[in-house]
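Next come two complexes built around chain A: one with chain B, the other with chain C.
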Partner chain A sequence: MATVTIAERNERALAQPRRNVLRAFEESRAYPAALLTPILLFFVLLNVIPTLWLIGFSFYRYSLQSPDIPRPACVSGPCPTLLSIPTGIQVSLTQQLQIIIPAELPIGNYIRIFEDPALWGAFGRTFLFVVLAVVIEVVLGVALGFLFWGSSKMPGRRVALTLLFTPMVITPVASGLFWRLIYEPTFGVLNFLIRTFGGQPIDFLTNNQWAFPAVLFVDIWMWTPFMILMTLAALGSVPKAELEAAEVDRMSWRSKVRYVIWPHGKFILMLGILLRTIDAFKTTDLVFLMTNGGPGNITELVGLQLYRYAFASLNIGFSSALAVVLLIAAIAFTSIYLWVLNARRRVESR
Partner chain B sequence: MVDVTVENLTKKFGNFTALKGLNMTFPAGMVTCLLGPSGCGKTTLMRIIAGLETPTTGVVRFGDIVVNNLSTRQRNIGMVFQYPVVYRGLTVRQNIELPLLEDRSLSKAEREERIEEALDVLEMRHAADAEVSELDNGTRQKVACAREVARRPRIILFDEPITNVDINSKLQLKRALKEVFTRLRQTVIYVTHDQTEAMTLADQIALMNEGEITQMSSPRDLYDNPKDAFAGFFLGNPGMNFYEGLEVVAGAVTCPLFPAPFRITGRHAADRVVTLGIRPEHVRVSKTPSPGAVRAHVHRRAIVTGGQYLVTLRVGDLSVRAKVPASEGEAIAVGEEVWLELPPHRVRIFGSEEVTETT
Partner chain C sequence: MSRAMRTRIYYAILWMVAIFFFLPIFWILLAALKTDADILAVPPKLIFAPTLEQFNKTLFGRGTGISNTIPYLVNSLVLSLGSVALATVVSFLAAYAFSRYKPRATNFLMFLMLSTRMVPASATVVAIFQMYNAFDIGLRNLGLISQPFFRGFPGVLLLYTMFSIPFSLWILKGFIDGVSPRYDETGFVNGASRLHVLFKVVLPQVRPGLIAAFIFNLIFVWNEFLFNFILGGQGTQMIPYALAVGLVNAGGNIDWGYVAALSILYVSLPVVMIFFFQRYLLVGMTFGTVRGEV
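Let's look at the complex of A and B:
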C-alpha cells in the first residue's frame, strides 16, 4: 500500500476540492423541485383530485341509496358519512361506474338545481344571512377595532381584548349548544330576563319571527371579534410616521382614514371581509345545532341543504353539483375582492 | 414666527433618561440644528416640541405660551419626517393642497398662491401633476417639505429628512432646504447626526450628547472653539487630536510635541491636569526644521479626499493625525522623518475630562 504524506494529501485536496454532496444537490435543478414536492403533493392530493372528483360526480345521477348500486351494508349503518367516502371511491374506480346513470344531459344536476324552488329559497336566505352577518360584523368590528386602537392606554385593555376574542375560538358546536340553552324558553337566561322585566317568554328558535335573527345574532357574536382582529391588524400596518404626519398636518378624521389608513390597511381589511363572506356562506354547523333549518325552512341555509343531499339522502351526484355551484360562488367573491383591491391600478393603466 | 423655549426638560423611558433637564431657546426666524450621535436625545427633544411625546418634567413654550397641554394639531407646527411621508393616490399638487383644505379660513386663491410658492421654492413645478407613488424618495421628501412650507406654520421641525434619500438626491434636497430656509425665515429646528448637513444649513448648532446640550453656537464658532473634548471630537473629519492627562507645573505642561513647555492660559490656567487638542488640518508638517517644530516619523498615509492626505505621525508614543495638501502628502513617504509643528494659537485646552474616541 502506497503511503501518502500529509503534504501530498493537501495538494490533492487543493487540486480536486471534495464535492460536497449536499452543496451539489442544492445547486442542481432538482433542488427547487424537491422543495416544492411536499406542498404540491399536499395540494394535488387534498385539493385538486377531490375537486376534479367532485366536478366529475356532478355530471352523474348517482346516489348511494339507488337500488341499482350494490352498497356495502355499513353504509346504511349508524355512521354513513365517513364510510360513504371510500364506498364512493370504490364505486367510481370499478366497473360499477357503468351503473352510475349519467344524467339525461351532462348538466342535468345543474338544471335541477336551478329548477328547485327550495334551493332558490335556501340561496336567497343564505344571501340575506351573508349580507346581514358580514355588514353588521364589519361595521361593529371596524368600530370596536378603532376604539381599541385609540385606547392603547386604557387600563385592562388586554383583558378586554382576550375576553372579546373568546367567542371566536369556541367551536361552533359548543357555541350553538350554549346559545340554545340561553334561548331556551323555560329555563334559558334570556327568557328569565324577559320574564323578570314583565315580558312574555319567547321560544326564539322555533318562532317564525325570531329564529333567523337569533341564529344571525350568534354568528355576529362569534365573528365580530375576527373583524376587530383584522381591523387592529390593518391599523397596525399603517406606518407610525404617516399617522403622526396626519396629526401634524391637522387632517380631519375622514381625510386621515381615506389618505393614510385606507391605502395601507385595505388589503388586510378586505381579506377579513372576504374570509367572513366565504365562511358565512358556508354556515352549516351552527344552524344545524340551533334550529336544524326550522321552523319550517326559515333558517334552512344552502350549506345545510348540501349537507342533507350529501349525507342524509346520500345523493352524491346532485350534492356534488350543488357543491360546485357553491365553489363558483366562493370564486366569485374572491374575484370581487381582487377587483376592488385592484381598482386603483386599473384606473392608472387606462 | 415664534421662538421655542424648553425649561428643565427631562424625559425618561423606564430606567433610561433620554433628556437630562434641558434649558435652551430656539430663536425665532433662525435655523437651529440639533446635532449629536445616535441616541443622544435629539429626536426625543424634537418629538416633545412637536407634542408627539410627553416630557417627564419640564416646560415647552412657544413664545410666551406654555404648550405642554396642547395636542400636536393644536400646536400648529410643521414637521418633515425621516421617512418621506406623502399621501398616496394624490398628485404632488394635491398633496400640498390637502392640509390647506382643512383650513377653512383660506380662500381658493390663497390656497393656489401658497401651492405655487411652495412648488417654486422647492423647484417642483415640473412634477406638480405627477402622482406621488411614481416619484423617488428624494422627490417625495421634497413634496413633504413643500406641504409643510405651504401650510406656513409658526415652527417647522425636520427630523433627519435627508437620511433616507439616495446619494444623488441628497445634495439636491440640501440645496432646496437651504433655499427654503433663506426665503421663508421661519423658526426651524433641524435634527441631524451629520455634521456637514448641520454646518451647511444651520444658523446655529446645538450639540447634544447623552441627553444634554453641551454647546450651542454658530457653526464656525463651534468648530473653531469647541467648549469640551466631545465637541472637538464630534465635529471634523476626523475629529481633533487629543493629548490627555498632562500635568500642569508652574503654569505649563511638558509634552514631547512641543520643543519647550506649553503655557496653559485662560480658564484652565489653575487646573492641575489638562487635555490638549488640535485639529488635523492645523498641524503643520514639513521636511525642514522650523522654530517650534519637533521631529516625527510618518506612520501611515491615507487619502481623505482627492485634494488632501491624512498622515499619521509618531512622536515617541504619541500619535498625531495631520491633514496636508495632496502636493505635500505625495512627497512624504511612510517611515520618513519629518518636522511637526502644533501652532500654539490653534491648540485648544480642555479640562481633565476623559476623551473617548470611537472612530
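Let's look at the complex of A and C:
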C-alpha cells in the first residue's frame, strides 16, 4: 500500500464509487420526504385530526350538560364569571362516543346557527366592529404613513418607531388591562380629564352607550400603527426612479398618487387591509379582558360567543359547527389574501 | 420659514405622533412605579416619589392569589423559546424541501398552513381541547402516563410549535426561494453532501429569515393567551394567564399595582425586540408574505 500514487487512488475511486449509505439516502426520494416528515407529523396531529374531530362532532347533538357525564364543578355550582375554565371535564373518547346523540338532521347544528338570535347579534356586532375598526385604522394609518414617509433622516427615528409600533406587539391581555386602568371611573386618568373640563365621569366599560366605542378605540390604538407600517411598506415598494421622474415632471401631488404610487403600492396596502380584517374578526382576548362581553351583550363578539358556547355552556356539538363555519370563513379570507399576493408577484415580475 | 426650521417642525410632529401612541403604556409604567396609595389617588398623580416596591412585591410574593410570579415567568420563557426553536428547525427543513424539490402539493400545503393561522383561536381551541382530553384519558387508561401529557407541558409545547410553524415556513420558503439553486449545484459538483449544502451553504444565506421567524414567533407565543388559559394545567401557565387570573383572585378589586408592574415586565421583551430587530418588523407582521424594510 505504500506506493499508491494519488493518480492511482483517484482512478480506483472513479472505477468503484464508494457505497455510502448516507449518500445513497440523500440521493433517493426518501431525502425530501424525510425533510418533510416532521412538519407533516405536526400538521396531521395538531391540524388535520382536530379538524376532523371538529367536523365529526359538528353533526352530533353533543353537550357536556347531558346527564350521565362527569360534570365540571362549575356546572352544578355557580361559576366564577371570568374563570369558567373547564378543568374538571374529564371525558374519554369512549365516553364521548357513548353520550353523543346524533342531531335530528345531520346538519341540525348548522341549521341552529342560522336560527340562533344571540349568534346573529354577535355576528352583527362583529361585522360592525370589523368595518369600523378597519376603516378608521386604514384612514388614520395611510394618513400617518404618508406623514412618516420622509422621516428616514430623522434623529432618533429608531426610538420613535419603537414607541409608535409598540401597541401592536404587546399582548392584548396587557393592553386590555392598561385601558381598564385608564377608563376606570374613579381614579382613571381619562375620567380625571373629563372632570377637569367640567364633564360628568363615565364608567366607560359598563355603560351601554360607551362600552362598544371604548373597546373599538383600544383596537384602533393597537392596530393603527400596523396600517402605518403597511403604508410605509407600500410607499417603499414604489421604485425610486419613478418617483424621481414624477418629481422632474413636476407632477401634481394628486396625479403622483394616482399614477405613480397607487399602481405599485396598492398590493401591499390591500394585503394590510386583509390581514387587519382577518385579525379584527378574531378579536377575543381584548373583549374578554376588558368587558367580558358586557354590559349585557353589547361587546359580545363571535370569538367570545364561541368560547362561551364551548366552555361555559359546554355545548360541544353546536360550538363545533360554529367553529367549522369560522374555519371556512378563514380559508376563504386566506384565498383572497393569496390571490392579492400572487397578483402582486405577476405585476412586479412583468 | 427656513428649510431647516420646517424640517425641525416636521420631526417634532412625528415625534409627537409616536409619543401619543406610547402614552397609555407610559401611564402604566408610571403606575408601576407608584405606591398603592398613589395609584388610587384622585386626582391621578403625575409627580410622585418613584419606588420599585410594586416590582419587588410582584416578583417576590405578595398577598394576592398569585403569590409568586417567577414560575409563570419561567413557563413563559421556556414555552416560547422551546416551541419557537423547535418550529424554526422543523420549518427550515420543510421550507428547503418545498423550495428545491417542489413536491406536488406544495402550494396547497402552504395555503393550508397559512389558513390555520387565520382561524379564530376560540374555534381551534374547541377541537384541540376535545382531542387532548381524549388522548390523555386514553393514555392514562392504558397506564402509560400518570400526569396529563397533552394537557400538560409537552402538549402545550407541541401546540405552540404548530402555532409557530406556518409563519416560519412562509418566511423561510420565501428566503430559500431567493437563494439561487446554483449555490446548491456548485456545492454538489464540488462533492459536498446534501446535508452539507443544506446547513453550510443555504442556512447561512437565509439567516435574516431565521432571525425574523424566531423573533416574531417568540413575540406571538409570548403574547398568546386563549390556548394557555383553556388548555394549560400546572406547569404551563404563562404570564397573560397570571394577569387575567390575578385580576379575579384579588376578590373583585383589581390589584392595579400588581397588574401594572407585571405587565410592564412582560411587555418589555417585545418592545426591546422590535427596537433591536426593527428591520424585520414588516416581514414579521405579515407572516413572511411581504418583504422589505421601513
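We adopt the following convention: the second predicted complex is superposed on the first by the 275 of 350 C-alpha atoms of A that agree within 3 Å, B and C clash if a C-alpha of one lies under 4 Å from a C-alpha of the other, contacts with A are read in each partner's own complex, and residues count from 1 in each chain.
The rule is simple: a residue touches a chain if its C-beta (ideal position, glycine included) is under 8 Å from a C-beta of that chain, and two chains touch if they have at least 3 such contacts.
Predicted model only: the values in this text are computed from it and were never measured.
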Between chain B (first) and chain C (second), which does A:E244 come into contact with in this model arrangement: first, second, both, or neither?
first
Which of chain B and chain C A:V142 touches, first, second, both or neither
neither
First (chain B), second (chain C), both or neither touched by A:V260
first
For A:S252 in the superposed arrangement: first (chain B), second (chain C), both or neither?
first
Does the superposition put A:V287 against chain B (first), chain C (second), both, or neither?
neither
Can you tell me whether chain B or chain C touches more residues on chain A?
C
Taking the two structures together, which residues of chain A meet both chain B and chain C?
none
Which residues of chain A touch chain C in the complex?
22-23, 26-27, 31-32, 35-36, 38-39, 42-43, 45-47, 49-51, 53-54, 57, 80-83, 85-87, 89-93, 96, 144, 147-148, 150-151, 154-156, 158-175, 177-182, 186-189, 192, 195-196, 221, 224-226, 229-230, 232-233, 236-237, 268, 271-272, 275, 278, 281-282, 284-285, 288-289, 302-304, 306-307, 310-311, 316, 319-320, 322-323, 326-327, 330-331, 333-335, 337-338, 341
Residues on chain B engaged by chain A in the complex (per definition of touch)
50, 52, 71-73, 76-79, 81-83, 85, 87-90, 98-99, 101-103, 131, 144, 147-148, 151
Show me the residue ranges of chain A that touch chain B in the complex, using the header's touch definition.
239, 241-242, 244-245, 247-252, 255, 259-260, 263, 344, 348
Where on chain C does chain A make contact in their complex?
10-11, 13-15, 17-19, 21-22, 24-25, 27-28, 31, 39-44, 89-91, 93-94, 96-98, 100-101, 103, 109, 111-116, 118-131, 133-134, 137-138, 141, 158-159, 161-162, 165, 169, 193-195, 219, 222-226, 229-230, 233, 240, 243-245, 247-248, 254, 256, 259-260, 263, 266-267, 270-271, 273-275, 278, 281-282, 285-287, 289-290, 292-294
